[in-house]
């Protein structure tokens, strides 16, 4: 940490800062510049709250952090990529992950048809929501456990592992009985009890980035989960669009964040161009772009009849469009030295 | 709802839209312009999902909503201001509400000293966190029930009602045993299970706006709570700063939102300049501005020794600064025809 | 400046940084922490480009600036408020400035009627656009010099000084022949040739904040103007709304920025609630809030018949609403120890 | 245009709207719903200002636009892609455009070395700034005409066409004497006099998107240029990063905007990952992603010695990194059915 004093700070003010540092067994290293004094803080363990505290000591202009607040998920700690095993597939290695399926499970017919179609086209996992967060209390919120059972049925037939969202700590046990990967949605990225609860299951967790979460906050949320897991971290990050001023798209898929996250953490990173853009016709170009930006795979919404989808129809591909996209993804993957 | 067809849409495409409307007992009213055809949708009840669905029918350019998605909290439903009774005080009437206290309850000494000081200066309620959401798993997360007990002790002595945050559905019963007002924090504005749970307690709920929530989403979250409450709505809205590109402040307190919310809903609206700005020296000017923008009161952080606060110290006023602010707030209130 | 090395940087990498500092007659002060080394840079004059340069030296993690990049406009340089004289009025002192008038000058009748009405109600200056920036090439772009002549005629009759926008360096001489204050619009906040040109006229300059400009960039643009002016700085800052994700208002008037700017610079700061919100019915509450946040005045759009305004009608007050607002502003001003 | 009346609007209010429409030879088509009345406006030419005007008629809740405000650049007007010829190359066809070079021209040695290196690696044009917009008045602002001469010399030797920025209307003639493509920077996207002036030269124009410009505003600025050009439109759009809340990158390169722009306009679209991210190590992944998202090419900063660049060094590739990137771009281009 660096403590920047105001121009004209007094010796007494500087001494007060140094004393507080000593209370924490830290050493303050003084640099007296032409304009102002700066204090470099050195020591074994700087308490996270101390920076905020010192920031409004009298005579202090600001405090600057020089370390990242996350540890276990940091690439500084662990250089090599973390691979997350899900069923027979591996997330994070040379093979790209393609998770496909409807926004919500709506019926046996719908989920089975979709599961068959996406497996046929080459998807590696099946997604589908049984519990749906909806901003209005008056819209469809998912089939609940009945939906989970249908997902399990689809897995039994197709062999595709299941990714499905859990929204509240009380549902974690239930969802964990069916799911292969527990998804934490964007709205819950900072639902800390939920993060801890899913961490304790030891199932892989797909952690979506919050709509206005910084990359640092996203990695801190991953840290919450990993801090609960024993040994092998099983968190898969997923960029899914941020909120900006632009209204032509529902959100702004942030592929910069994919590239930054790949550099800062050893965890695998996926992208979700369906939620990221909110428009089905933008899903193919942004899926290709996501792969090219270094993502370890994508998660996209596919619905056999998007016109009649009960949620998010306007961002779903139909099965035919999905099947057309897959060889294009494969071609780009190969160009990048990876494969589907 | 308005369905805007693409320039050059075919009669068949228009017919398909009209058919789908009829399936829902809705009538499509055709307007054929020079450039394109537009369909006005008329009927008793338009299903919320239908707009999304139609948006990607072939030949459709976009669909536009012309009604607000919230009902119970809308001022179109109820013209007069909702007053929320808390202890002896009323939120939303001519008297402004001033809720003050520390970010976190840290000790008996700290909370009692603060409670006395803020009551002395004229605050109408006491705030203090016993359960704290923190973006890092390595920082102080509150005293839990011990903190709630200290808050109750402070209420017993000072008579000030207590506002405190609840973070997860499982804690609602516990917190409700102590609190006079249940606070939903910004990160939980779209934690729907939590919204429903606090709605069922029938206690007043202070609902903070999410960091990147639109005003519409904020009111929809209020709708979740009110839809659970029987009869009298007891939701107090609270603007607490949004996330923008500006880095000089921690967040951007959005007083436009206060004025807009006062116009769109009958619920009372407060502002939180402490979290809204993140800097203690910005709290006084923005508190005055909040009142002038039409807020029904403010909630601010006061700490007897902000330099040693375990969280949010840099945005807390000390007791003396708070006491200095109060008469200034009172003067502005009177200038606006209200009072403290 | 602080240079933060990566964990594990080599002695050679550190030496390379120190050498480069020496090339610039700067001294690097080493702090070796447990985790990483940090270099505090000390010297008479750090070239602005050096921070960027060092940022990607090998072994460097990041570089941190500890001084503000603006000088002349900084309150660290000059503690007392700058007062800007315009005609008989003073911007920045105890008397609040109220600049009112139509978005565009449209006709003699319109501008004379507005000028009389706003003077009658107590405005201290008249605003009106003769050159209008419009995002579409197909909309009305102002009357040009004919509009300037009408403004001069309104000044002759009412005595109100004139504030009007200049959009391009070539027009500065022309506009300067008529205007008392040259306005730089939000879109031109970083039109550097224009900033220099208006600086050279030595007329007062009203500098609007760009739609997505940080406070620091805004002050840097003021620095451009002041650096041209001889002696007495005559820049009046004006916050006019920033672009955020919120769509309920046209922009988000940022009163945090008013309070921050008042703290960082000695220049006077106004607010423009008309452009800031884009809705006439939000102008009164946000005008009051602006004053309460510490602004030295406001600039608002008033039109005798907003329904027929050729631009920005939906954010203009009519003369009656303006007359109603003024005593409310006066009451709040008095409550704050100021006056209209 | 659609005029949405408030719930409970009166017949008189509706009649007033209809009358105003008739003044403009427009027809108002009434749709009376359960909740409110909506008026569809039909007619040959709706004046752009009318929507704003009607928006605050009494009884009106809001007005909705159903057409895009740009015409000449719209894909609705012209289905096939516009190809822009620059020297021997074509922007917008199957061959991708790669424009490379330093941020600023700094010396003969620097620009000649870069030009040779980027031609060698396969770039199709040379970029380099002679006039630089800088947010601080104290930083290097380019070599001016001497820089233009060096660019011309580099073209003479390498055959690469030159792309260089013009910042102010007065410089257009000068820059046009040297440049093959006139670049309009992000800060000047809404500098309308400049847009008109470059439109009149009939040279190709590279129009960067403003830092917080919506896609619609960007296309409207293109419309300004094209409206000046006779016959064949010669505007090349360039996405270069938007301003968001994220601080890990300098800007957020918005590849959604590339895909949206390709759909809405017939003009070619490039991406600038150097300014878009601000970090040299993010340039390769985002360059690949830009191509995959459908961009017609990229413009990137290459400097022979980025550590000593006088501007933007931290986002420049050195010549070796650029040479390594090119075959990777070529591989992805081929996978997409295009070529370098």
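The chains carry the letters A, B, C and D, assigned in the order they are written, with residues numbered from 1 in each.
Note that in this section contacts are C-beta pairs under 8 Å (C-beta built on N, C-alpha and C of every residue); 3 or more make two chains touch, one makes a residue touch a chain.
Since this is a predicted model, take the numbers as computed values, not measurements.
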Problem set entry | Chain labels contacting subunit C and also subunit D | A, B
For this session: Average the CA atoms of each chain to get its centre, and name the chain whose centre is farthest from that of subunit D.
Result: B
Exercise. Using CA atom averages as chain centres, what separation in Å is found between subunit B and subunit C?
Worked result: 31
Exercise. So how far apart, in whole Å, are subunit A and subunit B when each is placed at the average of its C-alpha atoms?
Worked result: 26
For this session: Can you check how far apart subunit B and subunit D are, centre to centre, with Cα atoms defining each centre and the answer in Å?
Result: 38
Exercise. Considering subunit A alone, which of its residues make contact with at least two other chains?
Worked result: 212, 243-245, 247
Exercise. Which residues of subunit A touch subunit D in their complex?
Worked result: 212, 214-216, 242, 244-249, 252-260, 262-263, 276-277, 281-282, 285-286, 288-294, 328, 331-332, 334-336
Problem set entry | Residue numbers on subunit C that touch subunit D, as the complex places them | 20, 48-49, 52-53, 55-57, 69-70, 133-141, 167-170, 187-188, 190-194, 211-212, 217, 220-221, 223-224, 227, 243, 280, 306-314
For this session: Going by the contact rule at the top, pick out the subunit A residues touching subunit C in the complex.
Result: 2, 4, 7, 29, 31-36, 38, 40-44, 61-62, 64, 66-67, 76, 212, 243-245, 247
